[in-house]
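For clarity, chains are labelled A, B, C, D, E and F in written order, and residue numbers in each chain start from 1.
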Amino acid sequence: MEKIQDVADRIRTLEVKGARKVAIAAVEALQVLAKETQAKSRQEFLDELSEARETLFASRPTEPFMRNAVRFIIKEVDSSDKKKVGDLAKIVSSSSHEFLSNLEASRNRIAEIGAKRIRDGMVVFTHCHSSTVTHLLRKARQDGKTFEVICTETRPVFQGRITAKEMLDLGVKTTFIVDSAARSFMKKADVAIVGADVITSEGSIINKIGTATIALIASEARVPFYVASELLKFDPATLWGEYEIIEERSEDEVWTDAPEKLAVKNPAFEVTKRHFVHGLICEEGIIPPHLIIEVIQRKYPWIFQLE
Amino acid sequence: MEKIQDVADRIRTLEVKGARKVAIAAVEALQVLAKETQAKSRQEFLDELSEARETLFASRPTEPFMRNAVRFIIKEVDSSDKKKVGDLAKIVSSSSHEFLSNLEASRNRIAEIGAKRIRDGMVVFTHCHSSTVTHLLRKARQDGKTFEVICTETRPVFQGRITAKEMLDLGVKTTFIVDSAARSFMKKADVAIVGADVITSEGSIINKIGTATIALIASEARVPFYVASELLKFDPATLWGEYEIIEERSEDEVWTDAPEKLAVKNPAFEVTKRHFVHGLICEEGIIPPHLIIEVIQRKYPWIFQLE
Amino acid sequence: MEKIQDVADRIRTLEVKGARKVAIAAVEALQVLAKETQAKSRQEFLDELSEARETLFASRPTEPFMRNAVRFIIKEVDSSDKKKVGDLAKIVSSSSHEFLSNLEASRNRIAEIGAKRIRDGMVVFTHCHSSTVTHLLRKARQDGKTFEVICTETRPVFQGRITAKEMLDLGVKTTFIVDSAARSFMKKADVAIVGADVITSEGSIINKIGTATIALIASEARVPFYVASELLKFDPATLWGEYEIIEERSEDEVWTDAPEKLAVKNPAFEVTKRHFVHGLICEEGIIPPHLIIEVIQRKYPWIFQLE
Amino acid sequence: MEKIQDVADRIRTLEVKGARKVAIAAVEALQVLAKETQAKSRQEFLDELSEARETLFASRPTEPFMRNAVRFIIKEVDSSDKKKVGDLAKIVSSSSHEFLSNLEASRNRIAEIGAKRIRDGMVVFTHCHSSTVTHLLRKARQDGKTFEVICTETRPVFQGRITAKEMLDLGVKTTFIVDSAARSFMKKADVAIVGADVITSEGSIINKIGTATIALIASEARVPFYVASELLKFDPATLWGEYEIIEERSEDEVWTDAPEKLAVKNPAFEVTKRHFVHGLICEEGIIPPHLIIEVIQRKYPWIFQLE
Amino acid sequence: MEKIQDVADRIRTLEVKGARKVAIAAVEALQVLAKETQAKSRQEFLDELSEARETLFASRPTEPFMRNAVRFIIKEVDSSDKKKVGDLAKIVSSSSHEFLSNLEASRNRIAEIGAKRIRDGMVVFTHCHSSTVTHLLRKARQDGKTFEVICTETRPVFQGRITAKEMLDLGVKTTFIVDSAARSFMKKADVAIVGADVITSEGSIINKIGTATIALIASEARVPFYVASELLKFDPATLWGEYEIIEERSEDEVWTDAPEKLAVKNPAFEVTKRHFVHGLICEEGIIPPHLIIEVIQRKYPWIFQLE
Amino acid sequence: MEKIQDVADRIRTLEVKGARKVAIAAVEALQVLAKETQAKSRQEFLDELSEARETLFASRPTEPFMRNAVRFIIKEVDSSDKKKVGDLAKIVSSSSHEFLSNLEASRNRIAEIGAKRIRDGMVVFTHCHSSTVTHLLRKARQDGKTFEVICTETRPVFQGRITAKEMLDLGVKTTFIVDSAARSFMKKADVAIVGADVITSEGSIINKIGTATIALIASEARVPFYVASELLKFDPATLWGEYEIIEERSEDEVWTDAPEKLAVKNPAFEVTKRHFVHGLICEEGIIPPHLIIEVIQRKYPWIFQLE
């Protein structure tokens, strides 16, 4: 349980961050817990898992990817009829591996599907850095497609620079602009693709601040706007009415020596409504974001059943 | 003529910049020219002025404010029937003073008119730094209005920080955000006000990069979007079909150590269509931007007559 | 069967009205029929139920809530393999109870889910009176939320006054306006929530006249527009192409002493297209209205199977 | 001056109301003042007029029609070079007559121009009661046009009933609806025409509450929306930044026995932006509302020159 | 296998064209193959079918209707546990019949459902010729509905003329216009209905060039736009990222003696986004196009499982 | 007067058509009338001119260009103080020449101004054939600009083919499409430019059927839409409420052997609202179409003064 507490602390303090990394850290903590458990009975072990879940869930207001990972593993244990703690611990281990390898498979599937949408000569507009999106573009390059990328710098912490470097490494012609220049450059784009941090039951996408503006601008210029994301970014709590709480980050990221009385606001994310999303490129194919809960229902029904 | 050349050089190298400062520098150079002229006849003096105009006009692709200043002074000389060079030089001097004092009067008039639109409790959204806008807000404070301001940092050179400081100095509660957060904060605003660098015959506004996005976002959220600007920012050449050339600034402003192959694009301005502008707050009152050439026709008809 | 006829008559003459009350009256009539039946055989009893259904369905062009109630009870009887009339009558009774208690549970679930969307300081815009919506707002108050309500009077019969009174009773600060003032007040709202009388297969919402205008106005001002409704307001006949017939009420509601030749039109309801609905808050969670037939398919599949 | 004070009081207490009636009352008061003046000199008389103007202007926050009437008469006196009080008083009298007869001429001109836009078989949508609009429709009938009218009841004080009666008297087939049914009926309309209380320098129209909603609904359904109004409804103060203050009327008009704590809001007017107005039908023809200040400049330049 | 090759050739050369006719030809070719097969074992027969599938699929880039027909028949054979080739051949025969009769049933079902949406007095706008749409309108006539049709000529090959003739034969009052007149006539329409060639996973509709313009124009005028189509026009490959390739037809269809250097472009189809489609009228009812993959999942799950 | 009658007949029967050609024919007829007049006095001559005007105006419901030509010539005669018929006849002759040479000058001015808006690499979308537009594009070629053109065939009489040929003759790369393909090709365009037949007081443009659709499509794709037209296409009667009557041409142009009962509608023109027009390129520069009456007021004030 110490490992769980430790990981939860590192998540809370943002030492571990990024939806995917947080999920992996939690999965690994559960593996350690299973390996080191002192539980005497199935019930005792289940109680430990339950406590671990609560500790991990409490670490950050919303981290649906991590929560879904924990849900999956506990569901696997829960639904087995094994009695021995050792056997149950093995299920933690095997389901952890299963989760992580499915994660990898999903990302590859998304890349494969999305890469088909990139055609020779296209100009792709993107914002921030999403490993899912850059994976998709890498696949398109591997498939021999020739295309250009326009990417924003993505203030305040310039993740766009990472995207730009990755694109140059792939040999992609890349144009780099300040965030506020997006409307001036959108007309040159054939498609916009961004990632997602959370997907809600209404089909809204929560992603890096600036995404909703890009979506609006793309819509105004009739440029199709796609979101590439694993389905497990879906947060089932939104179905039951919960809001995603938008993380407010440090003022220092924006202005280190800001005047004292100035209210520097630094929300990390924002909501883009389903209306703006032409398609969600996920491991199940390209779907309207409206369908998210139906597709989850078919693919990951356990998401709705626990907690 | 040396002074003229010198000022033109300083404008060309961006040593002097900002529509207002460039205009003042040109006016002052003409004053020097008039004071030091060696011209022997009216015609000779007029030729000198004409040469000065060409030199100044050639210094930067578009600086309508400066060009209109030069046009005004030359028009005054041209339309006088004085014969003596000394008398004509005096006209340069007097019309220079007239121009500069009108400039000041216009700014005050705009502040006075615009300040009436600020009501207690309002939240004003602005972008970049415009002395016309901050003058207007200062007037509103002097009139005893209590309001808040949301301002963007305005990458790449953070002019929003100047705006923020000026607002804090006025005792205005100020919220400061990255440019890409504009859509997340627009719903809190009651009005958006920005300045202008150029106004075209179609009623489009050319202003700092990002302005057109703010306008689009304001329009989407039903927030009235105003432009506060002196009428002399109007460029008559646009009536005759000329495009404003958008200045492309140094890559270094955006990313000092950008990867070599990266195409960093740094346009300083962008065009906002008249459709997005609820009203142009100018020295002649609050008008639809569609009317710009009619109002100029009444107030500054000489703008169309020379060149 | 007399009871059935009697209830059908009272529905026809609008003596009983309101989707929920009509449904309850029909359920109770079926209970009486089951209690007093003289049927000799299963078949005879089924025929009686069938006749009752036809009588009830014929009472008003569209009352999907009532129709779905009748469908549910008959389906329960139909699918049992009991032979004795007494046993079947008991099924009518038990399924009636089940239906009514599910109804209550759905409403509570909707209140619970929707209340989470009400945040402190919010201004909620509503139209007409919907017990589902006021139940939701009551729950939000019980959860300790502080919010304001703007409600329209809802001509011609001023149901908005009921809403206003209920809100004041909850201690909610309430603003009351004429219907046509909605656009002037929408900018102050953070969210709009209304109820529904019918939901169609396309995801359109049929609700009190004026609803579609509120939806349009909310959309224009970027205010999220939610519909709170039990899924059983869905009318399966719309899937098969039927139109909902909009009830035309008495002219007297609008103008008691209208000039003779004047064509006073008084449609009670109107259609709001799915495009305007950010989310449908139903007992299954907050969903895009586009999904209605899929969610019904999972939750109440029998709706599609009978008739 | 007593008469002036008396009229000002009656305007203040809403005893006299309606743009046109208020203007006429003020003109008549000036006529009385001129008739009964005890002034000994031109200057004394001018001072009296000036005082009268201030008294009348102070009676209600905005009544541009009345203010323009007063401006006209004083301008006429002011610009004459007569010295004798008697002669000046005659100018008050003659210019009063001129103003009132021009008023009548303008209304007829608007009717004549607008009636041409009514074609056989058309359905005209209108809101509230505007004598300018009904005059226009009467002219269309006199020209032998056959058309229908849809009119809203216009809560809270049902001016739509006056419109309905006038239309029936003209033998026009008329449909009468509650305000909130406008969107359900707009698709049947070929054109929407409303009046105006005030026109601003930006080309916005201030008219009865509900007008902006009708405009939005017409725009959504591609139904041309026209405003029929005398140019003298223009308020020159809006050019200099003033807001029109929207009159808030008694709660009793909305709900006579409203619960005590309820905030009943009853704004009489609202602003419709120029964007929604296809054309302003005025005495100078059918013009885009954007042009209002230019057309005034040509037709009534004195509006801008005094005060 | 010769028959297969022959049919594939005729599809490739456009000798056989039209989604429905291509599908029927392929089904019939499979029937011949099954009748004449020389296969010795189940496996050999399955291999033959597999080869046939590849040959047929390769005949034209996208023909989802035909592909789905082939998928259905092979799935039926595949999932049977019969061993004898004769028995399997019978399954080809029976499933072919089943497919074709389902096709007919679907079309009738669509006509029945859609006809309910046609009300007396309606004006229906349509484009090109779709047998599904004209079947629907025929049913409406048979149901005794009186309505009008506006149809476009549909350049370059004037399929609108076929529609016009069919409508006149039904005794329907028909207005015929050039394609570019659509916006001038849309306001007279109460509903627009078109067919489809392909439906994608995002809910987009691919249909005759001009359809997307009709959809845009209908949307602008608030005219509901419906698509009538069998669900089997859905192309499962779009779910996995494939684009539909838009067929480019001969220049001669547009201009037989075009100047040599002129680039005459003649795409046969274009994409209409789901946003513009009020409802998809299919054999499963009237659904939002967003739901296509869910409804297919329930009705034809085998579409996703093979290939 | 015979000549006048003859020209009027040829206009009526469409023997002479095209705004410019009709205007020139009328001007030439007036020249003949002036040459052959038998009038004995100024008054008699003025009466003849007056009769000629009525005859010419009656020839076609709306031909503003021709009407403005006639107005100009008669105004010139009218405002001279000559008494002798011979002198007045000379004025007809000289003003005719003036009108025709101004016409030429205007077209050249439009070409010069508009050509500046064509930049290297641009794709220009156009519809129908407008000599003003092709003149503008020719000037751009002469100025050394390299650009492409997309043009529609423009059913029913394929004027787009004339445009295509003229563009190819200029060495411009040209793409030719059917009218209904406009939305599929608009995204490739950088600007759309069309001509005009009539301009109204509201700033609406009346041009070849299909223009309003192109405008809508351009607006949707954020492609600036310009109208190139001489100001004298303005019809002053629209200011006074007149509608332009849209000419309905022969059915045979659309379908020579159409079924008897078919209502083939063939309106030659349609109205494009000012909202869609980014700029009107006229001899006075590039202006918002909203300003048309103000610019006419300055340039051709006599248009409003006669009739």
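For the reader, a short list of remarks on this structure follows.
Simple rule for what comes next: a contact is a pair of C-beta atoms (placed from the backbone, for glycine too) under 8 Å apart; a residue touches a chain by one contact, two chains touch by 3 or more.
Computed from a predicted model, the values in this text were never measured in an experiment.
Counting hops only between chains that touch, chain A reaches chain D in a minimum of 2. Taking D-E and A-E together, the chain pair joined by more C-beta contacts is A-E. For the pair chain B and chain D, the fraction of shared interface numbers is less than half, so the two copies use mostly different residues to meet.
Comparing contact pairs by residue number, the interface of C-E is reproduced by A-C among D-E, A-C or C-D, since over half of the pairs coincide.
Computed from the mean C-alpha positions, the centre of chain B lies at a distance of 58 Å from the centre of chain E.
One simple way to say how far apart two chains are is to compare their mean CA positions; for chain D and chain F this gives 38 Å.
Contacts with at least two other chains are made by residues 220, 275, 288, 290-291, 294 of chain B. Inter-chain contacts occur between A-B, A-C, A-E, A-F, B-C, B-D, B-F, C-D, C-E, D-E, D-F, E-F. Listed in rising order, the residues of chain D touching chain B in the complex are 201-203, 238-243, 273-275, 288, 290-291, 293-294, 297. Every residue of chain B that touches chain A in the complex is listed here, in rising order: 127, 152-156, 161, 164-165, 168, 173-185, 209-210, 212-213, 216-217, 220, 254-255, 258-259, 261-267, 270.
On the side of chain B, the complex with chain D involves touching residues 112-117, 119, 275, 278-279, 281, 284-288, 290-291, 294, 298. Across the interface of their complex, chain D is touched by residues 187, 220-222 of chain E.
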